[in-house]
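Chain lettering (A, B and C) follows the sequence in which the chains are written, and residue indices restart at 1 in each chain.
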Amino acid sequence: MGVVHGQEMVLNIGPQHPATHGVLRLQVKTDGEVISEITPYLGYLHRCFEKHCENVTYEQVIPFTDRCDYLASMTMNFGYVVAVEKLMDIKVNDRVQHIRVIMAELQRIASHLLATGVFGLDLGAFTPFLHMLRDRERIIDLFEMTCGARLLYNYMWVGGLSHDLPKGFVEATLNFLDYFEPKIDEFENLLGHNKIFVERTADIGIMPAEVAINFGVTGPNLRASGVNWDLRKDDPYSIYDKFDFNVPVGQGIKGTVGDSWDRFYVRLQEIRESVKIVRQALDQLPKDGDVHQSMPKKIRPPKGSIYSRTESPRGDLGYYIESDGSDTPSRLKMRSPAFTALGVLDEIAGGWLMSDVLAILGSLDIVLGEIDR
Amino acid sequence: MSEDIQLLIDDVVAKALAGDMDPINNIEDRVTRSKAKAALVKAKRSQPKTEIKSNASENSDVKAKDTIEQVVIASLSKNFSNFLDGEQNGEWIQIKAENWFEIAKHLKENENLYFDSLQCNTGFDLEGGMLESRYNLHSMKHLHAIEIRIKVSIENPDIPSVESLWRVADWFERETYDMFGINFTGHRDLRRILLPEDWEGWPLRKNYEEQETYHGIVVPKVKEGWE
Amino acid sequence: MTVDYIFDFLTGLLGGFLGSDYLLLVSMLIPCLAIFGFITVYALIVIYAELKVSSFIQDKVGPMGQGVGLHAGKWGLLQPVADALKLLLKEDIIPSSADRPLFILAPFMIFIGAFISFVAIPFGESIIVADLNIGLFYILGVGSIAVLSLILAGWASNNKWSLYGGMRSAAQIVSYEIPAGLSLIVVIMLAGTLNLQDIIKYQEGGIFNWIIFDNPFVPIAFVVYFISALAEVNRTPFDLPESESELVAGFATEYSGMRYAFFFLSEYANMFVVSAVAAAGFLGGWQSPFAGFMSTPAWGVFWMISKTGFLIFVMIWLRWTLPRLRVDQLMNVCWKVFLPLALINIFGVAIWTVVFNS
């Protein structure tokens, strides 16, 4: 088929645009509907996270991590406290570990629900989004029950937690899971097997495994490309080695491995796996154990540095902490998974149509708070 | 009575030092428990500090005996001479900036090392006129990880860019440049990434001073600290 | 037709006082006002229906009142009124770099396109403003004014998103008019007339005499027409010209307040027009489904409105269920699926008519 070339036009998608998931500016070169080149401009949400961290104590960093990825605050807390605990060589008791895993996995469900819902919204399907938000709301209610906050929790502290689980939490969570599990199939049928949705996502924005690894793409996006890589399995932190769960990998059911549909489907499957983990963790949850037991009075890690990674809903969340022996970090760098996921956009989305580019952007599940920090 | 308590405290502290925290936490009386904890802290302070273990060495399965750092240095020595920069320790490899691109290529392409993913690139201000760029490399094939550090002077902060090897370094290096002013030579598109194009100074350097005004807006200087 | 009735009536009443020119003018204005009133009331109702239907589909309650004088009235009934008031009172912003005259003209033009279509819509055996002998053709023709005004809106806004929206809508509406028109040819072939009243009269005598049940090809024609009509009125899954997650708001990006409201009003008015054509052409118009039962003129209006209303409900239902197609898929569906299908239908119906009905 011959290709007609017209005059190229430079178009700014964003910073205020409904499909950029925050304030992101994509400068694209368009030839009619075809987009030939994408240049992301970041920094509209830059809040000097790393500079702030050099001026506050280790405890005070935790609320800042909340605000980076505001859709998965629990896992952001989790990654940070795991890093500091490794640096200080603190062992926390089993109850704390279990509660942390429960919270992190519930947060993963909530985050993936929003991610898949917003992906549908980017493609014009409004209803699945609201159905998913309805269920996300119930998870947030569980968090509210635990620590009072609904979005930014500041729940996991170095060496412990801010609160123990409230009365009735286990029952409420089990109730929720019983209610929620059939809903996952509903979402899959409502969105995943919708003919138009499949047409819009299958074979679109294919990310081969080598490209994904080279661009540092991690998390569900990498797994959708067929790479079986999950830090919870491959480099277990906390107590993830105790649980039995699968790592869903993109198989190209509707198209090619690593297309947008796979990225959607892997997230949906991960929700199922997270439900499994939460069930196991609730089952094994030790009855006693003080959540403040191993909390140090003053967090003053020994001199040294550490790079610690955890699996956030968006991928490998790394914290590089350099300590000079004082109670403030000398340098704290967050290796944000969405940052690298956005970096691959030009590579996989260049040459597609405008609608596809925004669909691919939606399938990568970026959070600007975490990219800009 | 108090002697009994003292004995109990000594006992649980000894156990806690051995790694078992349960006896302390099982003490019913709150006063005794806090006394025991205080004693534990005292005891810990008098102990020599334990070295932080390199998390990388645990994953090494290239050779059971050598740490991954030793393996990497041995492998590099075959191909490069005089690449190490000063004293080495077990946690990272300090190399010189000159041959970094070739070394990186070797690290990425050598079958035994095969560091196919660049996990993280961090800048660091060592103060005293030195900057440092730190690379956390990881191999998804062999599951080992190392940290590479490259020191440069603040007057001439040139480090070869590895952006064409690991494309993820594109934005990482732009961020490090943005925050520290480390100049990655050979980078195709070295611009500021998070800050505005016309920002002055390198914010994460320790001697950074905010600019007086930005586009006519006076930058407020908060003098009092955070604590 | 109706104009003549009114004119005769007025002449009988006021013939002595005013000249016949004035009376003609007045008797033309009265139906216009009636249509305008109808569109306004209908828009309020359909906006409310859209809010409520979408809410039920999305598992929420939608606009609700909490008590007397609170919020949006009982069951949120006042919500569309509040929306309309808000749009009326909003500041009217015209971008400084916009092409001012065209920018102002566009929303009126699209509304005129929708408005004059109503002239030929039969609400009952005698309730029609102008019983044109080419009624169907006329509605298809004036429906195309929408394209012109959408391009105008897209161009005059001087905004890249608007331009995209305008160009998309031009390509889309022009393309989908062809399968829509070809599907209606089936109706014309069977009824043998372009007059909507005659088409409806042809379907007299209960549900099985409706054109849609005439032969096995017509239901296909109906589906093709309905989907093409969806595309023509820019409803999801074909709402590309204003796809809010891609083009911000497409051709309406720069519009605000009352001008924006006009775009919406005409979208809803157009929905009514295409649904009414489908109801008249395929579903027997104002004919009762039970032959002679419930077929007085008043029931006729009821049947017409409820058939149209049902089709509008289906449109709303589809909108809140389906994602949006991509622009090239949209064209593929039109040219590679609907157009051949519509052509085959014409042949099929022709052969069927010759073989079985002659």
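Descriptive notes on the structure:
We adopt the following convention: a contact is a pair of C-beta atoms (placed from the backbone, for glycine too) under 8 Å apart; a residue touches a chain by one contact, two chains touch by 3 or more.
In this text, all values refer to a predicted model and were calculated from it rather than measured experimentally.
When the partners of chain A are compared with those of chain C, no chain appears in both lists. No other two chains have as many C-beta pairs in contact as A-B. Chain geometry summary: the mean Cα position of chain A and that of chain C are 45 Å apart.
Centroids built from CA atoms put chain B at 23 Å from chain A.
Separation between the centroids of chain B and chain C, computed from CA atoms only, is 65 Å. The residues of chain B never reach two or more other chains; the list is empty. Listing the residues of chain C that touch chain A in their complex gives 54, 57-60, 160, 164, 236-237, 239-240, 243-246, 248, 320-329.
Remark: chain B residues 19, 21, 25, 41, 49-50, 52, 55, 59, 91, 116-120, 122, 124-125, 134, 136, 140, 143, 145, 147, 166-168, 170-172, 179, 192-196, 203-204, 225-227 touch chain A in the complex. Within the complex formed with chain C, the residues of chain A that make contact are 9, 11, 17-19, 33, 120-127, 130-131, 134, 191, 194, 196-197, 199-200, 353-356, 358.
Against chain B, in their complex, chain A makes its touches with residues 42-43, 46, 48, 50-51, 54-57, 60, 86-87, 89, 91, 93, 213-216, 227, 229, 234-235, 289-290, 293-294, 297, 302, 304-309, 316, 318, 320, 322, 331, 333, 335, 339-340, 343, 347, 372-373.
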